[in-house]
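Naming follows writing order (A, B, C and D), and every chain is counted from residue 1.
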Amino acid sequence: MTFGDAHGPEGQAGSETGRLESETGRVEAFSDGVLAVIITIMAFELRAPLGATGAALRARLPALLVYILSFVFIGIYWNNHHHLLRAARRVTGAVMWSNLHLLFWLSLIPVLTEWIGEDFKDTAPAVAYGVVCLGAAAAFTILTLAIIRADGRDSPVATALGRDLKGRASLVIYAAAIGLAFVSPWISYALFATVSVIWFVPDRRLSRR
Amino acid sequence: MTFGDAHGPEGQAGSETGRLESETGRVEAFSDGVLAVIITIMAFELRAPLGATGAALRARLPALLVYILSFVFIGIYWNNHHHLLRAARRVTGAVMWSNLHLLFWLSLIPVLTEWIGEDFKDTAPAVAYGVVCLGAAAAFTILTLAIIRADGRDSPVATALGRDLKGRASLVIYAAAIGLAFVSPWISYALFATVSVIWFVPDRRLSRR
Amino acid sequence: MTFGDAHGPEGQAGSETGRLESETGRVEAFSDGVLAVIITIMAFELRAPLGATGAALRARLPALLVYILSFVFIGIYWNNHHHLLRAARRVTGAVMWSNLHLLFWLSLIPVLTEWIGEDFKDTAPAVAYGVVCLGAAAAFTILTLAIIRADGRDSPVATALGRDLKGRASLVIYAAAIGLAFVSPWISYALFATVSVIWFVPDRRLSRR
Amino acid sequence: MTFGDAHGPEGQAGSETGRLESETGRVEAFSDGVLAVIITIMAFELRAPLGATGAALRARLPALLVYILSFVFIGIYWNNHHHLLRAARRVTGAVMWSNLHLLFWLSLIPVLTEWIGEDFKDTAPAVAYGVVCLGAAAAFTILTLAIIRADGRDSPVATALGRDLKGRASLVIYAAAIGLAFVSPWISYALFATVSVIWFVPDRRLSRR
């Protein structure tokens, strides 16, 4: 069957294809549910301005900008996650827990978005945001490796990803953002935005497959 | 494949139809998840009245009315979005990001609903609500154009929408609501409700297709 | 097509069956999403006890009991809604808005659950809860009628429901609960629980079909 | 049909298979929705640290650790629930309400996670957490029995589970954790973590089927 590594990738009879497809389907559906709640809760926690003046609204502007950054961040993960799961053929236990591991890091984005929205001039929130971004990027790489291990070296995911330059670049930039937050959090925010721009275009390698 | 504009609309073999359908299916599912959370969280943030008297309940009445306005607003978007995605044939990267762009604006509705519920006599919340409504209406138009560009000028969406009078009227009314909020926020609320009435009947052009 | 009453129930070719089924499917999926969020948010708003003693926990006991009442209430609606939508054949605009109307009333349950949890000895929260229950019960009846109107007098829903004694009894009991809350809110709570017991067994009429 | 025990397991014609599958499908989808919201809301209620120093972040560390514990707890339930429902063949009323009963206990995890995050050195939150874990474990066992009763003694679930040593061990360990919380809550936390490790590997009995 589909979970557990006790049985190799061979021997998947045709009658099991439907079941396998709906297997990745449920992982996608659960992940989508989590991402949909993350985006909406994050928006809600912008909180209504205190008072009803334009000044009160402007005081919430940094929080709005961080929200936009995090919204694009989650949108990119939704997009790439979607491509990755589409290209995957088998859901082993390792794939499933790698996916939950990725969702774990992404689930921390809303609370850090709220924190930066309140204390955006300080180092600690920028460092924490960078650590979570780095964790999510590493988790995505681990998920990719788990899928390749489950599907085999000649699987669509393996051949499509190749050397994964974008993924490696993201890890380096996030690490830099953590370190440079001690110089100025604004450098970190610029680096976070840079990674978003890099990933904004969906991963051609998988979508061209 | 489905994402990325690098390949034209031609060459979509029949074997890919199932995949394309489930492609729009997942965009719908994700959007539905976001809209479901928006509606529920918005309701919850009506907050329990302070104290247990009828007077405490009446003090929450404006918030309840704004909630109804926003509920209908989201309901209309759910309905029309549903028709639009049903009529769509291809999900390109542009379609996907246009859809996330629409969800971005809609995700701001709950926090503005809460703000108006608290400061409904003031100009700033009404202006902000109008800006978000205008943004959502523009995003819906952009999404429509992205789908037409992906599906071609002779696609169901393109022929069904024609000159899109309703969409244009909404944009004009929302712009007027923003300006007239500086005269009185009540004029804005009346205009928001007017647009809802216009859209309440689902879009015959697409449903008749 | 499926939305809008401009076209009669006749003329639904066989090739459209799949489309119609997924039409009710998306209404179900959206409703499920809303109900899932309602249940979870409601649980969360029990709020952690203030302090870490058994006494602090006991102080939250009424809130927990009201939560159980509301949980069963939502569970019953999920169950019956599910049976109803399964038996439905067509989703007209009237069906869709009747469904949103039902979700509107149900979306008010969490905030009232929180209110009763805090002020359970008072009349106003019990009255408000009764009004929302009555609204939801009436909305369910309206949804049933909209489906019968869309599907025809000889449709599964119409023949299965018959005279709908349970539905009528619920309306009467909720009305009584509103009035008797002015005598004592405890009578209302007993009546709310009574209706839950009546509906606990899923609707045999539809499930036997 | 599928709900209600009035009709035996025999007489399920082949044409009903599709309907039965989508029957378990909707129970899965609703449960997934609830679990997705539980995970995300729980993450969000870590709350942003008060202040922007590393010390403020460290003060939130116990809350983060409890969050990880609860995240893994919910992840394990999602995984095993998924296997169980996959192996199930029929959804009776008893199965459906057993499932809602399980979701009830799981829905209390976020508020207890928040409570422990704030008062982790005290006995009461650890006891309450243990009671909810015990309730969820018992509810999972009841759900299993309901499915076996619906599907028959020779069904996949019945033959796969056998004597259910893991399930029984969990019940015993949770009961011990409740009692030993009066000695020290840290013993309880260690026992909660132990059960998670036991269950971390997905249930081979069902996945090997």
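What we mean here is this: contacts are C-beta pairs under 8 Å (C-beta built on N, C-alpha and C of every residue); 3 or more make two chains touch, one makes a residue touch a chain.
Here the structure is a predicted model, which is why all the values come from computation and not from measurement.
Using the average of C-alpha coordinates as each chain's centre, B ends up farthest from subunit D. Of all residue numbers used at the contact between subunit B and subunit C, under half are used by both chains, marking a mostly different-residue interface.
If you average the CA atoms of subunit B and of subunit D, the two centres end up 36 Å from each other. Subunit A and subunit D have Cα centroids separated by 25 Å. For subunit D, residues touching at least two other chains, in rising order: 29, 33, 36-37, 41. Within the complex formed with subunit C, the residues of subunit D that make contact are 1-4, 6, 26, 29-30, 33-34, 36-38, 41, 45, 93, 96-97, 100, 103-104, 107-108, 110-112, 114-115, 118-119, 121-125, 128. Those residues of subunit D whose C-beta lies close enough to touch subunit A in the complex are 28-29, 32-33, 35-37, 39-41, 43-44, 46-49, 51-54, 56-57, 68, 71, 75, 78-79, 82-83, 200-202, 204, 207-209.
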